[in-house]
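Below, chain A partners chain B and then partners chain C, in two separate complexes.
And now, the complex of A and B:
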């Protein structure tokens, strides 16, 4: 369980998109926060098992694309519907979970590792989205949007690194 | 009645220490270059005076212009700079990078000195145009063998924090002496830009 938890906490390519989604949910309000909080860990868990089952990983720069999409939505303070947030959270969990699970051979200890990973996702979404929901002064919400623009900038550079690596 | 903290510690600390002694090590992996990637990225933008002055000037100008420019400019600069960095990483050439950086210092210093207040889209376009040169220079200078993601995160954070420093300094704009101080800072940046142009030609 601790392996999965630490894997998530030490993987910026996973934790940053989760933080971005939590920021977005926090900006939109408590209902969005609750939806992300419960849907993202579940979809991540399912994605992990699907990845382990199919043992295939895409060569696309998934992390860079996630940074661009979710960072961009935060920076733009996108007025998403709850349904759109649900789809985005589900996709993020499935894709990143799949990438976590792909390449890991099946064993029963994986269940604990994935549970730890998902616990990490749950805690990060809970803390970040709750923190943002409580922000009231206008400049603090602008600071959150600035953080989103930094995530986009990081995603652009990451895309460049991926292109250079070929 | 609250239980004393010392009593709680005395009761639970031995148990926590014992639990730690019997716990197994977790096997999370640390990727190649992660240890120094973030710090190298954080240091990179502050390693050159030309970049530092230009980025701080963006914050100063934003503070002079007030809302919404005070946050639009520092958002536009890192994003477009990262686009330039991506071009540099992908090997897309950009001629006259050093001249562009020096010109950015002259122009950004001049707008701070003259306290120019153009429409937001003009200010944003000017900042974004020069950000391409700064980003491209950084992109081509990025060291190989380090974790790209953490390097990029450090690099972007340092750039944003430099803008933040500029905005914080720019808060003195509310006082008369502060306005004079900002104009002097703009003049200094522009004169350093002239020096860098001369250096680029030499």
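And now, the complex of A and C:
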């Protein structure tokens, strides 16, 4: 369980998109926060098992794309519907969970590792989205959007790096 | 109806605990390697591996190829570990050479390594499964030792679910911040006292009864949490800090067991003890802050948990406390027979 938790907390390619989604949900309010909080860990868990089952991973720069999409949405303060948030949270969890699970051979101890991983996702989404919801002064919300633009910038760097590596 | 639902949750948790092999409290007891240079290029090696429920951890010590045994390894079986001693000679010394711990990657156990050289220099470090080897470079100062034991303390409390569950149980009982501060401080003071006196050798608690008593302390909090839900009162609910202090003394012996089972040398004990205790406090305070922040986050997110989910942390404390108590008393009874 701790292996999964530490893997998530020490993997910027996973934790940054989760933080971005939580920032986005926090900007939209408690209902969006709740949706992200409960949907993302579940879809991540399912994604992990699908990845382990099919043992296939895409060569696409998934982390960079996630940084761009979610960082961009935060930076733009996108006025998403709850349904769109649901789809995005589900996709993020499935794709990143799949990438976590792919390449890991099945064993019973994986259940604990995946449980630890999604516990990390749950805690990060809860803390970050609640923190953003509590922000009242207008400049703090701008600061959140600036954080989103930094995530986009990091995504661009990652994408360029991936393209260079071919 | 409500009562039967709660019983279902409790039964599921006990069944779950029974099927999760990681639900033992001291599974993360570290292995210990001591290398002591007794004359130039000659070393005494002590290699201790924890034994859990009769099973030795599958870690094999692999010394550099240049190491030749002077005496055949002797093995001694202790109640909680296996101790191997041997003398080796290494042409050119061990400096700059690598020691491997084969099989460590497949465990969640650390290896505490202490090297003592003939010129008086000594250093200690922790080898983790993610990097299952150590390159011998004898240049660790007091700060390095402190860093090693602070990290060891943090890992011990965060990876020892019994201590965390006890703290969680206390958090579920306390009613306000002042009470929380008093309770956590009482627990800290108490376990620091016994950690110190046990590590310095003034008192001792046998491991098996101690582990059973620690489990019992967790189980004790289960009914108290239920009383809080029912709006009832008790001595523990009115004065949780007293209970935290009393059981904190027990948990301190547990921490000392983790520290001394690593076989620490007497000349570094006070410094290692202080650093280890600081690490334990950092881990404990971090856990308390995380729980408080999560509780606040749930309120901000306006989450209305179903009654069963709200009761889950309390059931976790009670059920796992019961499971560990039965398990450890059974082990104790087995040993006494």
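The rule we apply is simple: the second predicted complex is superposed on the first by the 166 of 166 C-alpha atoms of A that agree within 3 Å, B and C clash if a C-alpha of one lies under 4 Å from a C-alpha of the other, contacts with A are read in each partner's own complex, and residues count from 1 in each chain.
FYI, a residue touches a chain if its C-beta (ideal position, glycine included) is under 8 Å from a C-beta of that chain, and two chains touch if they have at least 3 such contacts.
This structure is a prediction, so every number in the text was calculated from the model and none was measured.
Steric overlap between chain B and chain C is present once the structures are superposed on chain A. In the superposition on chain A, contact of A:24 is made with neither chain B nor chain C. Set against each other, chain B and chain C touch different numbers of residues in chain A, with B touching more. In the superposition on chain A, A:68 makes contact with neither chain B nor chain C. After overlaying the two complexes on the shared chain, residue contacts for A:154 are found with chain B alone; chain C is out of touch. Looking at the shared chain after the overlay, A:142 reaches chain B, while chain C stays out of its contact range.
Looking at the shared chain after the overlay, A:3 reaches both chain B and chain C. Legend: residue contacts after superposition of the two complexes on their common chain; A:134 is shown touching chain C, with no touch to chain B. Residue contacts after overlaying the shared chain place A:164 against chain B, while chain C stays out of touching range. Shared-chain residue A:124: touches no atom of chain B or chain C.
After the shared chain A is superposed, the part of chain C among 182-190, 200-208 or 308-316 that runs into chain B is 182-190, by C-alpha clashes.
Where the contact sets of chain A with chain B and with chain C meet, they give residues 2-3.
Here chain A touches chain C in the complex through residues 1-3, 30, 33-34, 37, 112, 123, 126-127, 129-131, 133-134, going by the rule given at the top.
Residues of chain B that touch chain A in their complex: 23-24, 26-30, 71, 74-75, 78-79, 81-83, 85-91, 139, 142, 148-153, 155-157, 159-160. Across the complex, chain B is touched by residues 2-3, 5-7, 9-10, 12-13, 16, 63, 75, 142, 145-146, 149-150, 152-165 of chain A.
Across the complex, chain A is touched by residues 20, 22, 108, 158-159, 290, 293-294, 296-298, 300-303 of chain C.
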